[in-house]
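Next up: the structures, one after another.
Two complexes follow with chain A in common, the first pairing it with chain B and the second with chain C.
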Partner chain A sequence: MSDSVSVTIDGRSVTVPAGTSLWDAARELGIDIPVLCHSPRMRPVGVCRMCVVDTGARNLQAACVRPCEEGMEVRTDSDRVVRNRRMLLELLMADYPDPSAREASTGDDELLALARAYGVTSSRFEGSRTPEAPRRDASSPVIAVDHQACILCDRCIRGCNELQHNHVMTRSGKGATTRIAFDLDVPMGESTCVSCGECQAVCPTGALTNRALEGLHLVEEETP
Partner chain B sequence: MTDTNVSARVVESVCPYCGVGCALSWVVDTGRNRIVEARGRDGAANAGRLCVKGRYGFDYTTHAHRLTRPLIRREDAYPKGALSWDDRGPRRPGGPVDPETVLPHFREATWEEALERVAGSLAGIRDRDGGDALAGFGSAKGSNEEAYLFQKLVRAGFGTNNVDHCTRLCHASSVAALLEGIGSGGVTNIVRDIARADVALITGCNPTENHPVAATFMKQAAAGGTELLVVNTRRPAIADHAAMYVEIRPGTDVAFYNAMMHVIIREGLVDEAFIAERTEGYEALRDNVAAYPPEAVAELCGVSAERITEAARLFGRARAAMLFWGMGISQHTHGTDNARCLIALAMITGNTGRAGTGLHPLRGQNNVQGASDAGLIPMMYPDYQKVADPEARARFEAFWGRPLSPSPGRTVTEITDGALEGAIRGMYILGENPFVSDPDVEKVRKALARLDFLVVQDIFLTETAEFADVILPGSAFAEKTGTFTNTDRRVQVGRQALQPPGEARQDWHIIRDIAERMGLPMDYPDVAAVFDEFAGCTNSYASLSHAVLGSRGRWYPCPDPEHSEGEPIVFQETFPRGRALLVPAQPSPPVEPTDPEYPLVLNTGRVLEHWHTGTMTRRSRALHAISPEGFVEMHPDDAAAYGIGDRDWAAVTSRRGTIRVRARVDDRVARGSVFIPMHFREACANVLTHPAVDPYGKIPAFKYCAVRVERVAVEASA
Partner chain C sequence: MELLNRLMALQHRHGALTDESLNALAREWRLPLHRLQGLRSFYPAFRSEPGAPRKLSVCRDVACRMRAGPRFADEVAEALQGVGGVEVEAVSCLGLCHAAPAALAGELPVSGGAGMLRDGMAGDRPLPLVAEPPAETSAVDPYAGADQRFGTLERALSEGSPEAVIETLEASGLRGMGGAGFPTGRKWRFTRAAGGTPRTVVCNADESEPGTFKDRLLLERVPHLIIEAMVLGGWVIGASRGIIYLRHEYEPARRALEEAVERARERGVLGDSVLGSGFAFDLEIFVSPGGYIMGEETALLEGLEDKRGEPRNKPPFPTQVGYDGGPTLMNNVETFALIPRILQDGVEGWQARGREGFSGVKFLSVSGDVAAPGVYCVPAGMPITEVIERAGGMAGGRALYAFSPGGASTPFLPADRAGTPVDFDALARAGSGLGSGALFVVGQGRDLLDLAIQQVRFFSRESCGKCVPCRTGSAQAVRKLEAAQEGRPEAGLTRLLEELDETLAQTSICGLGQVALAPVMSLLRHFPDEAARLRAEEA
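This part shows the complex of A and B:
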């Protein structure tokens, strides 16, 4: 078996070490495949399916976890791929809170940015609204939790367990009631959380945000 | 929701707190001159990670307590005494010094008047009593440039080597042992090299609280197969990730490591080639540790002979082993001996100069390494050139154009003694708070009150400033640009993000203005030029400049900074002193053993959310909210024996004083020991600590003194 493989992505070919993901190979070519769950700082888990690409296989493949194979021909922006992403975004937007705490403060909500990029302005689906009481957790002095904005991308959980190695965060529940949780599902402020803020920093949505920014809307100055 | 639009600028800087040196960006609200958010940057030490202090602890900068104008003590505020010191105990909520209690004793002054007063008073003492009647405390929170200028002012302007800083209180003994053993005080391998170690000995430190982001890389290494051997007297959280945790009795480190070396030698786990080629003194070391079989020290250390043997085998069999240590090693009267043992342990097993090996004393303050490199220590000029060496002195006399004192200066604790005896008459203290940080604060208080003249330059009114004749408002970390050298020897630029409030000034400008008024010109166009002068009188920094450091920084040594990040691993072929010197050490009894009257051993340290004397962190909204008050941590059995429940108020008494503090009952501490964090002035651990110092490093024994604990009713505690 050879140590490197060559693939063609959107008509351009690239040679990468064997085992490289399609997402990383595309990055080599300067092609940004959209993601929500993946971050180059983390182990890819392929849960959000936003990074799906067309490899000619029966199903679309999640680029962040799919390793390159010799001779693979990949489309990252075919109609089929775009339709798929739109559908996903519509589903995610169905019960997404407006305003999102992240969009309102730092303006960098990644889900909303993708929805805008794909022209998803409304959703045909009726989301299940989480009732107010368990929706928000304001028990941490530094991080606001809004479960309604959580898309279960697992970034916070990997940030907590695999970057900072604090092992506080997890998922709890199942099916539609799955939520991120702290320790044995206690409020964040009562958990063993050490407030490193990694979860808040890596969260792509308004689910985990910096409480100090509540009520502020940052507009970054152009750097000269 | 009414959102306020904030025009924000992003400034790349580094965290102002600990020696890990995390790179970050600040989002600055330019209109209101404040930081609104900190974001991790992909720095060499942190890979985007931050801890609670770096992420949420920046807002002290804009706290209402900031000093904004020079202050001069009022005529009727003499004789001097502590002004806010009695605001403590259970009836006060605690918190930092309240300016309301201090400001009435001072009047505002112009910079002109204040600087004239400072320079005139210091020059007056110098001219009347000689330079050695003056002393300066700099700070390991200051930049390399500030440290360099400060020591230059003291040496060339005051005419004395009486200049020191809080490294004396942290790692002076480690540095003494490292200079003696290998000829350099820096770390040999960077923290993140632990990923390539088979075994890492982590001893006398609590990295998850004190070096939190470094700890994430230790835990990551453990998850990837590095076996952690954690040795401590109080269970640190990193022990949860350890292959083996060994709890030794306080103060028995030398016996424990001698026994480990005994086993390693007896079982042939030494690296004979390394010993032969790169060390000297092996026979003496071997003969010394021959007297310490595990069976002989087991009872003293409180660890079975089998466990000691197991630890020795774990370490001795590793192909690559790394050693990390902290204040639990250095802050003892035998701190230098403790560090000598660790150095010898690394050397006889051939564990330096390769990937995943080496000696790493974890540095506390963000610039302990740099401040020492810059000469903020009484016996060395920049780059560890000895003041007692006539050649080095001649070089610096020519360079600075002033005659220099040939005698090594006094250390922090010796300066305090000098002030008490009347030998030190005037002091300049920049950014340190010895009133809370030094051992036996009642003694420090008397010493400060005896000075003829004291100028304190800081950003807040500290307990130390209460004794000042003149207080000068300096700038916070985010208000100035300068370089900082982290625990990995990584030199990084901290960039100015904010303007100093009111009339507060950049610290290097204040040092310059005092120097010039005392007849020592300091004419630099900008702070980068100060760096260039400092770098020019060293080997380690010679190739570096602000421009080449850029936004990522470099590890020194870095012969080719255009193309290289610098050296993450040093001494691969040889040590600065040639061969490593193995120095045998014998255990010594504690200066203050426990007895029926004072039956418990007091250990002091830090908590995750706070920094040293709390002047910064206790003024951060988030950090104060998470950790509002001090505590004395006791083992459940001891607590039961003394009738103390969790959160009860307790009086802790040593031969030097008493403090009142809430109890926290927790089996992290061993039976027979208690732990008190140092940050809380209303429960000031250093009222209790013993001022005895290590004979080599002159470091105080913060980790060991005898105390008793009694329950107190709040009402009866007035």
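This part shows the complex of A and C:
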């Protein structure tokens, strides 16, 4: 196997070390592929599927986990790519609480930013939460949990277990009822959490936020 | 395997994985608690609190639903109210479709109406045990007697070469019988050529596609063929370890396999020097903690590695990076079981078993509105109409209305396509697929929309939840379809379903999400009456 591979992304060629993901190769070219689950600090997991691109294969491919192959021709912004990303956003927005705790405090809600960028202002789907599903967990003095805002991107889990090695967080349950949990599914404040803050720092939504910032409202600046 | 085996043992011993027992295990094995919670909450065999001493697991999927109605599990639960110590649970297809409606009383397969099940569980009458279906499993056994078994392996080890085995499999045209239909010879070639360790042969015996029960009968009746082909696979790819990943509801199959493994060990077919050749190979049986998704090959590998059974992003494929990071040769039960026959027949002999240019034979699990549901071994290329005749013809005087040739993931086709031959490509051209060979037959007068929605509900319930499209999209589809079924289809529903189907097919990580809407999409394409019930504008 050769040590480097060349691919063409949106008509531009780039040569990268073998094993490089399409997402990283695109970044070399200054092409931003949207993500919700991926972060360059973390092992890619390819679960949110926002980074899908067209490689000419039968299915779209998640750029964060798809290694480049020699001669690959990739489109990151074709109609097919855009309309499927839009559907994914519509599905996620159906369950998303309004207002978002993150948007209301630090103003950096990544899901809302992407929904705006893709023009997804409403969803044809209804919220799927059942009344018995747990929603808020305010047991931690530092971090507020809102399960309804969680999109299961696994950033908090990777941050907790793989970056900080605190080993507190997991996915719990299966299918549509999957959610994040602490230890043997106890409230965050009763778990072995050491309040390092990594999870709320990497969370792209209002699911995990810093309680100290609750009630803080950003003042929107007028851009001249 | 070590951790999941331990959790299964704890579950069996205490009837639950309680917080107390998991805290103790975490201390003993020095494991983080979250890891145990992730597993306990993912696998259906585990629960956090013990249930009633006895459990009746009632099937809710298509073959049983068609016979007994959508409320069957509820009716059984109602009938058993007041019978102490019994818990009724609705479960996904149990592979007992020939005996619909079916259930498991503990480990015992039972069949019958709510009253019969109630009386059996209450001890008022004997349990209505399932009768064995017609099953033509011996059709592929090349050995007349037990002492001749493993002769194909013996000959290959003494006179053949791994390369010759691969060439025969390639030329035979054998394809994976688990559902995907990948060419078997090519898979063996890729795995043999892949570098790295550990090298493993895995038999995927996690059969759970609704309507599929051929593997169960092959495991129970010809386990020696599966063992023989796995040893041969180990020799070809250079592996000394084999693992059979078995569905946990298949207790009789587990006993048959264990006995066959023991006999193979006594014969020297397994062990340090297989039949005196100097090649070492042994195999073990791993009982799954449950869930349809575990039949997806990379979810299965995650399970073997003691993780939540969530499918991996591919590539890499298991032939390159499989169990524990090494090359893994994974085939379905039927695929393995056919191999001794193919090698005995030779390429021409095998091809001659098929009809008019189609190669070999195929096992079909036939269920639904046929007089004699069962497992039939048919020549490749036989038209579906003839398969239905083979299974006793249509039951109850019904005319054929629709059929799904290969399990929940293969679209329904109307009666006028029943002339299509049993073949991967021919059925794909007809708009469906051979899938796992689960031919589900629907007669006139049945509610096909209800059955198709049940298939979508099956996928949604069995979704692992890893990726967004499958986790959220399949559940949203079920909600909208249920509303339509109640006579309230929303405006634009069929367009929304088309769009959602595209996103599921295009962006889901694995086959489950990719096909989750296929059963309903096939109604929009081929069944105008059912499609009209999904269109508000025409209602």
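We adopt the following convention: the second predicted complex is superposed on the first by the 213 of 224 C-alpha atoms of A that agree within 3 Å, B and C clash if a C-alpha of one lies under 4 Å from a C-alpha of the other, contacts with A are read in each partner's own complex, and residues count from 1 in each chain.
Throughout what follows, a residue touches a chain if its C-beta (ideal position, glycine included) is under 8 Å from a C-beta of that chain, and two chains touch if they have at least 3 such contacts.
Values in this document were obtained by computation on a predicted structure and should not be read as measured data.
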- Message: Under the superposition described at the top, does placing chain B and chain C together on chain A give a clash or a fit?
- Response: fit
- Query: In the superposed arrangement, does A:117 touch chain B (first), chain C (second), both or neither?
  - Reply: neither
- Task: Could you tell me if A:18 is touching chain B, chain C, both of them or neither one (first, second, both, neither)?
- Result: neither
- Between chain B (first) and chain C (second), which, if any, makes contact with A:65: first, second, both or neither? second
- Task: Kindly classify A:196 by the partners it touches after superposition: chain B alone (first), chain C alone (second), both, or neither?
- Result: first
- Query: Is chain A touched at more residues by chain B or by chain C?
  - Reply: C
- Task: Determine, under the contact definition given at the top, whether A:104 touches first (chain B), second (chain C), both, or neither.
- Result: first
- Task: Could you look at A:178 and tell me whether it touches chain B, chain C, both or neither (first, second, both, neither)?
- Result: second
- Would you please give the vertex angle at the Cα centre of chain A, with arms pointing to the Cα centres of chain B and chain C, as a multiple of 10°? 120
- Message: Quick one: is A:142 in contact with chain B, with chain C, with both, or with neither? Answer first, second, both or neither.
- Response: first
- Partner chain(s) touched by A:164 [first = chain B, second = chain C, both, neither]: first
- For the overlay built on chain A, what is the smallest gap between any CA atom of chain B and any CA atom of chain C, in Å? 7
- Task: Flag every residue of chain C that touches chain A in the complex, lowest number first.
- Result: 19, 22-23, 32-38, 40-42, 291, 308, 313, 315, 460-469, 471-476, 479, 492, 496, 499-500, 502-503, 505-509, 514
- Note on the structure: Per the touch rule, the chain A residues reaching chain B in their complex are 41, 99, 104, 106, 141-142, 162-165, 194-198, 201, 210, 212-213, 215-221, 223
- Touch list for chain A against partner chain C, complex: 45-49, 52, 59-60, 62, 65-67, 80, 83-84, 87-88, 91-92, 94-95, 124-126, 128, 151-152, 161, 167-178, 181-185, 192
- Item | Touching residues (chain side chain B, partner chain A) in the complex | 1-10, 27, 29-30, 36-37, 39-40, 47-52, 55-56, 59, 208, 212, 215-216, 219-220, 223, 241, 608-609, 621-622, 625-626
